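For reference, chains read A, B and C in written order, and residue numbers begin at 1 within each chain.
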């Protein structure tokens, strides 16, 4: 019995790790630039499709594809930010504008992906996609294990960058008080672009990892973005700590719900939890009170 | 040549009306100034325009003879103009030490950074005590000292402080003004904006009275304090400025 | 606060006729005449009669939906991406009444609207505890929650849905009743938007959208205002859903809950001019017109949503006020479009 719960817990954590990485990128974007990136999951899909293409044509292992997708998405992020967002900065309804803008971007990405790859379910099937590891009585699907380990590694890397590098500190400063950051000489536009790139590179990594975890098709991003948004609101928008903890908590909770009641209830857990939290604590677990 | 020249500057926020309606002010190096005036006169706006947070709609701002209109705040800082705004300009979740380090963001030399930080700790011993504490948990006076200390990190030529005594108990405010007087001894030019005109003028050499977005009067701070007319018009109990709508 | 002070006096109409009133009245009568007589005027178009009526019905539907959405999204400034929920509730309420009790959806329309409004009220109570971006996320979560529920609820046919019986009518004239029903819905929705815009309630909503804290301080009960805006915005969307579902004769969750539904409502309001009464109408006509044109020329393909997304992005970057809004700002708004 105990083993069974442990198994569920482990599966939940494995999935949670990947969710945590995706959610961190998204919440970073909000924290630094007050951008609610509705297109985040669409960009994750771009990376997934790139990984797929690399696998199909060059037999490139999806985990190695990270080396391609991460820098690519970083560049895309920096470029997109500088192109689109500074113009909105003067607008009084800035945050909402970013929602609508990224919504439009998501539609564009989805359309282009459908056009290029059609709506067929795709997935990347390296050898380890079907195997699993058994430790004691716990069985760990290899694909999830690898994805999770890489996710945690990237999260730690993110933490190191934010905590110990000068740029990372500047990003944190901008997150805490944008005006003050400007006063001490931070070029907030450039830092925002870098942070956008950073968040997007995490999306790129997520795409490569997800490509061999789940089958995907262009319209899939809506499910994922809804999930991720629920996660960051739960954790408190702008709080990376909140995103990670929220992701792990919910992934584990939904693993248990799936086990007890069935798989259809799993996503419902996310949204119901979100609504309950909104009733009780609208700013999320670690969010600042009415910092919007 | 004056350190900073503001010539006929007109400025406003967003698509709103002009707050500054043609201000001309000359800041000499080594002197300390206090800008006073009624609410809405444009005192904070003037500082923001100089610091690069607000682009002037007309007029020019020159530093050492070089026109600086439209510069970004980080560019102004690099030129030696440091701005301390009135709202919390700290990084609340960072420690005092980290806040000071951020003050030295533009300094690449680690050794120099450490040197400056030691200097700030000497000037503000209480910061040395609280260096590992999260800035958001400090008292009002201590937070103000962090912002002042942070300004010192870049060894600025000009420091502009918006309402240094805002929200502080009188005794603490006095301490702050003491420290600001000390800036003068370090050779830093200081420009204050103070709602508490009396305290502000007592701490500086020269006073500038602003109203309706332009300079009404300027002169030695003592002179302004002593002049009963000016006191009544601008420094007395909350005098509402002529209707601005 | 000036906006609130004005609200006291605005309930009575000023005795001096506002310039352009006659032009507006003419427009109103002309528009109503056009809408009501359209099926008659279009009779000569023998072969494509049904198609033309279908386009007309769709335009009216989107006019109704984006005008309704605008009450919350434009007047109050709260962007909801989850309004597809009300579309679905209206569709299913009326559809189920037909399937189980044989009541014609045309008769059940008010109930469908009320059902949507009730859900809107409740959902508003919960989601409006948040503001800004968190609110938008809450509405997305609401959408997905309902989608998941409807997708799995056997009683309503789950994801495969249910079929609806259709009345006996000669095929040629089949679309006509739907057209008229939708016309009523559109007129109702725009009328509602107009009444709200010209009421103390509407002024309060605008105050909220400009500065919610100031509005609270000025004494406006922002919570109730917002919740009622949410509820009101749901009514005609529910009605539209009832009519639309019936016209398809088959109800499936995905039809109603597709994100494209929310996307279009938002897009039309933005392109036309958020926060104006005429804006969503202009936006709806434009978008449907352009879309049909694109489909005729390029065929149905994925590039359509690329197009939609691109227009949204460009509109936001360059015309955030929308057509009506931009025209008003530059003082060139023709009186017949000035319904505010």
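What we mean here is this: contacts are C-beta pairs under 8 Å (C-beta built on N, C-alpha and C of every residue); 3 or more make two chains touch, one makes a residue touch a chain.
Here the structure is a predicted model, which means the values were calculated and not measured.
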| item | value |
| --- | --- |
| Path length in steps (a step moves to a chain that is touched) from chain B to chain C | 2 |
| Chain centroid nearest the full-protein CA centroid | A |
| Most distant chain from chain B, judged by the mean position of its C-alpha atoms | C |
| Chains linked by the largest number of contacting C-beta pairs | A-C |
| Chain B and chain C: spacing of chain centres that average the CA atoms, whole Å | 51 |
| Chain A and chain C, separation of their C-alpha mean positions in angstrom | 33 |
| Euclidean distance of C-alpha centroids - chain A vs chain B, Å | 42 |
| Chain A residues touching chain C - in the complex, by the definition given at the top | 30, 36, 84, 87-88, 91, 93, 95-97, 99-101, 103-112, 114-115, 218, 222-223, 225-226, 229-230, 232-233, 237, 264, 267-268, 270-272, 274-275, 278-279, 282-284, 290, 292 |
| Interfacial residue positions of chain B with respect to chain A in the complex | 14, 51, 53, 72-74, 77-78, 82-85, 87-94, 98, 101-103, 105-106, 150, 154 |
| Residues of chain C defined as touching chain A within the complex | 77, 79, 81, 126-127, 129-134, 136-138, 140-145, 148-149, 152, 259, 263, 266, 270, 301-313, 316-317, 320 |
| Complex contact set, residues of chain A against chain B | 90, 92, 166, 169-170, 172-173, 176-177, 179-187 |
